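The letters A, B, C, D and E name the chains in turn, as written, and every chain counts its residues from 1.
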Amino acid sequence: MADERIGVYICHCGTNIAGTVDVEKVAQRIAGLPNVVLAKDYKYMCSEPGQAMIKQDIRDRKLNRVIVASCSPRMHEPTFRKAAQEAGLNPYLVEMANIREQCSWVHMKEPEKATVKAIALVAAAVAKSVFDEPLQMREVPVTPAALVIGGGIAGIQSSLDLADQGFKVHLVEKTPSIGGHMAQLDKTFPTLDCSACILTPKMVDISRHPNISLLAYSEVKAIDGYIGNFKARVLKKPRYVDESKCTGCGLCAEKCPVNVPSEFDLGLGTRKAIYVPFPQAVPLRYTIDRENCLYFKKNICRACEKFCTSGAIDFGQLPAEVELEVGAIIIATGYDLYDAGHKAEYGYGIYRNVINGLEFERLVNASGPTSGKVLRPSDGKAPRSVAFVQCVGSRDKNANLYCSRVCCMASLKQAHQIKEKFPGAEVSIFYIDMRCFGKGYEEFYERVQQEGVRFIRGRVGEILENPDDKNLVLRFEDTLLGEVAEREFDLAVLATGVIPRADTSELQSILKLSRGPDGFFLEAHPKLRPVETNIDGVFLGGAAQGPKDIPDAVAQAGAAASRAAVPLSMGKVELEGIIASVDEDLCSGCRICESVCEYGAIKMKEKSGKQVSSVIEVLCKGCGVCGSACPTKSIKMCHFTDDAILAQVKAVLRD
Amino acid sequence: MKDSKANRVPSWNLAKEVMSRGARIYPLEDLNTLYECVQCGTCVGSCPSGRRTALRIRSMIRGIQMGYREEVLDTNDLWSCTTCYTCQERCPRDVRVTEIVKIVRNIAFEEGRAKERHLVVANNFIKTGHTIPLNEEGKKTRVKLGLSPVPPTSLLFPEALAEIQEIMRTDGFYNKVIRDKK
Amino acid sequence: MAVDEFQPKILGFLCNWCSYAGADLAGISRMQYPPNLRIIRVMCSGRIDPAFVLEAFKSGADGVLVAGCHLPSDCHYVSGNFKTYRRIAALRKLLQQLGFEPQRLRVEWVSASEGARFADVVKEMTDEIKRLGPNPLTKTGGEFAGSSLRELERVASRVTSTSQA
Amino acid sequence: MSKLKIGFYWASTCGGCEVAVLDVNEKILDTLKVADIVFWPVVMDIKYKDIKAMGDKSVDICFFNGSIRNGENELLAKLLRKKSRILISFGSCACGGGVPGLANLHNRRTVFEKVYRESVSTKNLPGVIPRTCSEAKEGELTLPEFYDTVKTLDQVVNVDFYLPGCPPPVDLIAKVLQSFSSGTNPKKGSVLAPEISLCESCKREKGNKKIAKVKRFHETALDPKKCFLDQGIICMGPATRSGCGEPCLDANMPCTGCMGPIPGASDQGAAMIGALSSILGIENEKEKSENDMDQLVGEIKDPVGTFYKYTLPSSIINRRVK
Amino acid sequence: MKKYAFFLGCIMPLRYPGIEAATRLVMNEFQIDLLEMNGATCCPAPGVLGSFDLENWLVIGARNLSIAEQLGLDITLTCNGCYASLQEASVILNDKERRGRVNALLEKVKRSYGGGTQVKHVVEVLDKDVGSETLKNHITRQLKGLRVAAHYGCHYLKPTKIRAHGSSERPVFLDDLVSLVGAESVPYKDKNICCGAGGGVRSGEPLVALDFTLEKVQNMTAAGVDCIVTPCVFCHLQFDLGQTELRDKGRLKERVPVLYITQLLGLAMGLSPEKLGLYDNSVPPAYLERLGITGGNK
């Protein structure tokens, strides 16, 4: 291997690296290593002149290996690989040494030690590069269809955006209807347009769009494959109503004798055992709730079946599995509401007049259980005084440290609605900070101030209930005055935070996604790749990525659709060249690799009279688990070979 | 206040003092939450003492953050906290409020800022191993209820009393109390 | 003493998706930790061959850290981390039999969002290895302390002479 | 062409290798047609001075068996290297350290303590242990130095060929003798055994590898047709060179690894640990806690004795370090 | 038979021996052996002595723990304050470095504390070791019609980070115990608020402490209760003596009698009020008449 010609490039990264690591010394030391033709340091390797220098050297100095010591390969490996490729060098002959994130930035107070470490890291990259071999990317075709999981506003937006571009979209929604949380809201801040009025046309568009196939009341159970070629298994839960026959007339529900609390109305109103969640549901098809249906419980009734004129009731319906083939996936599963019951000091779930913000939305909504009259749950009276308690479950280390972003504006909007309906009512918002950062938000805050809503800077300590009239006593400090106070209110609305959906971890393990410390799905890069995930071909739309209000959710969903459209419209994608390969002469056919491969990428085959393993290249994801399990070492993990890693181990520990 | 408030310069000295003293007992990472206080007022809103006294625990935390030593140490409010932990339990930043109160009191005590009434308790403890004395009436009641007249504590075992006195001489507590007594 | 303080060399094998990203995050967040860890990136912790770990100790590593995605379901490659755990468990047993303190080989799960945890792990492990002292292989060159032939013979002759006396 | 001159030497080992030579039976007569045995301490008397007197490279092939345990072993290894044209590392002990190599889990002191003082059958009241040098009426008496660490032959001298096995398989010995006498010398440094693993020559039925639990012999009835690993029995076959003729497998016993590592996986134990731990408890593995896995792995008793039975001195970490 | 080292503290043996007698009697009924911790001292009081010098507080606490360690027993006790001190000290002393520092001092008096001694409140012993089934079986006198104000006190529950007895906001164990003896636990305003005694406030700011007490008693009286039940000897003192002090100052007319939980339990188990020391409280046990109890069969 004497003909390796290695060029090493040490990046200053401005002062990010050079401020701590003595880059010149690193270059000097590395220049003395065998096979190293040149070692240079430069201000910004990733800059145009930096890249040009590398390209020039590859050509002029006949380099066949390039080492860039700079930031994390997770940041700029693609950049330098591309540069090398442009100069005619196989991109897999570029190695990076991470001397920024894993050296200069974490040892800022120990420059000498950081320099020694940097030398070791670069030397290890040099040692490994000798064993690097040129690899080829594999090109695979893309199925021009997308799977969108979740039918809230984000999922709806993503689906429409992709479908309008001509791609087939499968929209899977867990509940009987699409619409999500937005369908439950009354008016939306800061414009006060009616949530249903702006949402329902989009829902109808979904149902009518020729490119969209809607799978409501369905759940994604498994996803296999890779970008361009995913296979999803979706379970269609039985509605016990034939969707093709149901006309949505509602006669069945009218005749159904069973009343149960309505999920859509958060238990404030009721629905029947055969139901649509809300009148504008899409698809407008009824669903029998097996738990509460008298037929399923006691084998009696069947009223719906008797009265259904189209014969749509089918008690014998079974769950059905659908397999979908798609090229990209958008996750738009949304959020759950924090359970305010955890903050026992506020008495939610115990005091009837303590409600959460979403419950308020149902109370104030004309189609809600009180027909839009905001009445206290305890006695149905109009409240004369209402308190909004902010940051319940948000900005709280004992619940969720993050700010839920929507609650300040939601409470402002709700306070405004109280003032609108009961101008004489005393309305107070108890807050830590009012966060009104969106377009038109601060202006809305000002408007609500003018309407006479009282703003009290102090997080509420506790709420007590007066046992006689069920009025609520709030204990708080007006921190701006330093005064302790107790004040009585008729109704308290808790601005409960937004949390990841309860089933997030299920979807996480189905797709192998990462989650942030807040529990929401993690984007590939917080700034530059906000809708991508670490899985190629899987994108995030809406609040599945973090708390968002409607404009942000729609924007994120649109962005996700636009990113997903890239591979879909290319028609093909390139897959990593880093895969396993088998030396069939050495392989003894012991079948251990076959057992450990999670992707079924290793199959046994016959080769000159013996059984040997072979790698199915498109299925191989390049993890290398087989390589370290292979007792004969006949599996070579390309780019991460035993020889390469052992060379790295020895080099990195040398001094 | 020695200086006019307008001229005060904030410093982290007091916060650091509280940290370093407290860390001998409590984990430092717990106490570090002091820096995270956002002055939301949950503590004061929850404080049963603040409803009847001038104690504003939030202001005290702020005072420590700003390094206003006199204001924090020399206030009667410092001794109005019943250490009921309600503020600490509800604090959204997990600030170890009650523990910090105790540490600040330790500093005040060392500097002779404790109340005379408190020193009575400390003296009782040093002299008997108990915070309150045993009187004849108590002995009688004990006997009546079938208990030994003197409980088997340091009151019954002088060597036990000698032990804790030895400990308190060594660890300096004795001196703190006696000096304050003067 | 502080000047001569033993500075262990710790080799870290980190999986690309969780732990390496976690280490990057520690850097991005400028969390400071001891410079004793040197990192080798692999795509999955399941790539780590027992021979790599043994070779690391032979090459003078005072400790080896293997870090991957959290059990049970964070692994980017479904279950590589389970293989890792079992391999490391077996290796620890082997190393113990070979006279190494098992704490020198450590497996930790660090997710992409756990920069602080990564820094803590490095700090903690560096402290632990400092307590344990250098890799016994490099310290003794593979010989047991005090087993030199001459000494052994001296002991033997002493025993002989006293028993004869 | 003159007859080949061959020799056999027995260093630190049990002697089985030499018996294996005799097991070649009547074929040895064929050998003797083309070769003269110039020394073979186990069957013919020879003194150091006789060997020293031989000319350099005067011996055509020297079969050296046994590990290097003491000063005499090393002295003879060096001497024979000088006198021989071809030096063959013969048998597991010479090649990988062999069973005596497991003494590297101890040191000289503990070995001596055990052998000369602690073992129940030892009667040594004064506690005398051997010394390299002691005074006697007759003058100074010397013994070779007993090393702290067992070494392989190639750790003290250059070796031309390796013939592993405990003992080396008769067929291979015969083949070697034949090939050297016919003058078709294999490539220098090579192992005179097939370049494949035992699994490849093993006739047992191999399933998809999933071991629920490591079992020991008494815990299960062994199916003579099925792969041992598939039955939960640790078999070193996957990481062991083939060529032995599978006498153990035929006797329904798993391979313990005497043929040593296969090319590409030079650390036999590491290769086997990697393989075994990968498939141990792989079924429903995601339901297992760290504790469960610790327990599963805990069932592997004595990892060094199991995975490095014949190769500890030649492995990456070649002895106990503390 | 379960055994505990019985930590007496100050208030119980010196001011309320009735609680000591009741606790010993009740535990005896349940065959729980209480062994003496000879030479124990004040815990020391977490709010007073802890406020003066936490390090001294810790080492004296460690000394008390070491006495139980010598007996080879876990500790039980009756006062939330003692519980706060010893339980917290045992948690702090699980840390090797802190334990080392404390042991360096204890060495002077030839003592040491190894760590690991458990500190259990009598409430936990009743809950975990005895259990509600056994409790029920021992009830011979249902206290029907007795209206009880349950007062939990602070330091058995809080801080919840080291005292994992569930939510500190809405605890139920005491109400459960009250129902178990056939009495009624009456809800009242600000049920979970401190009695006012803790943190050295009773000794340092007695008027502030009494102000707490007055408010609580008024809330209890407004709910119409016959008695107060508490699991803490210090709260017991504050309510019992505090009400008398309030009356003497002319701030309170009607006083509500106070029972410690083992006294309530003892009463329901048929023990005589005299033996339980109910007449030795400052506030006379008026409820006995209502219940028609004059003596006991045990």
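Everything below uses one rule, namely that a residue touches a chain if its C-beta (ideal position, glycine included) is under 8 Å from a C-beta of that chain, and two chains touch if they have at least 3 such contacts.
This one's a predicted model, so the numbers in the text were calculated from it and none came from an experiment.
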Item to check | Given chain A and chain D, the chains that contact each of them | outcome: C
Checklist entry - What pair of chains is linked by the most C-beta contacts? => result B-E
Checklist outcome for this item: In whole angstrom, the CA-centroid distance of chain B from chain C equals 45
Item to check | Intercentroid distance (Cα basis), chain C paired with chain A, Å | outcome: 35
Checklist entry - Using the average of all C-alpha atoms in each chain as its centre, how far is it in Å between chain A and chain B? => result 48
Next on the checklist: Taking the mean of the C-alpha atoms as each chain's centre, how many Å separate chain D from chain E?
Outcome noted: 73
Checklist entry - Which residue numbers or ranges of chain D touch two or more of the other chains? => result 265, 271, 274, 278, 282
Item to check | Numbers and ranges of chain C residues touching at least 2 other chains | outcome: 49-51, 55, 73, 79, 83, 87
Item to check | Residues of chain E touching at least two other chains | outcome: 169, 190
Checklist entry - Among all the chains shown, which pairs meet the touch rule set out at the top? => result A-B, A-C, A-D, A-E, B-E, C-D
Checklist entry - Tell me, which parts of chain C touch chain A in their complex? => result 7, 9, 11, 16-18, 20-21, 23-24, 26-28, 30-35, 38-44, 46-52, 55-56, 59-61, 73-80, 83, 87, 111-114, 119
Checklist outcome for this item: The residues of chain D that touch chain C in their complex are 105, 107-109, 112, 125-129, 131-132, 145-146, 148-149, 265, 267, 269-271, 273-274, 276-278, 280-282, 285-290, 293-294, 296-298, 300, 302-304, 307, 315-322
Checklist entry - Any idea which chain A residues touch chain B in the complex? => result 345, 391, 395-399, 432-433, 457-462, 475-479, 482, 484, 486
Checklist entry - In the complex of these two chains, what residues of chain A are touching chain C? => result 72-75, 98, 100-103, 105-110, 113-114, 116-117, 120-121, 124, 505, 508-509, 512, 514-517, 522, 534, 578, 596, 598-599, 621-625, 627-629, 637, 640, 642, 645-646, 648-650, 652-654
Checklist outcome for this item: In the complex, chain A touches chain E at residues 344-345, 350, 464, 467
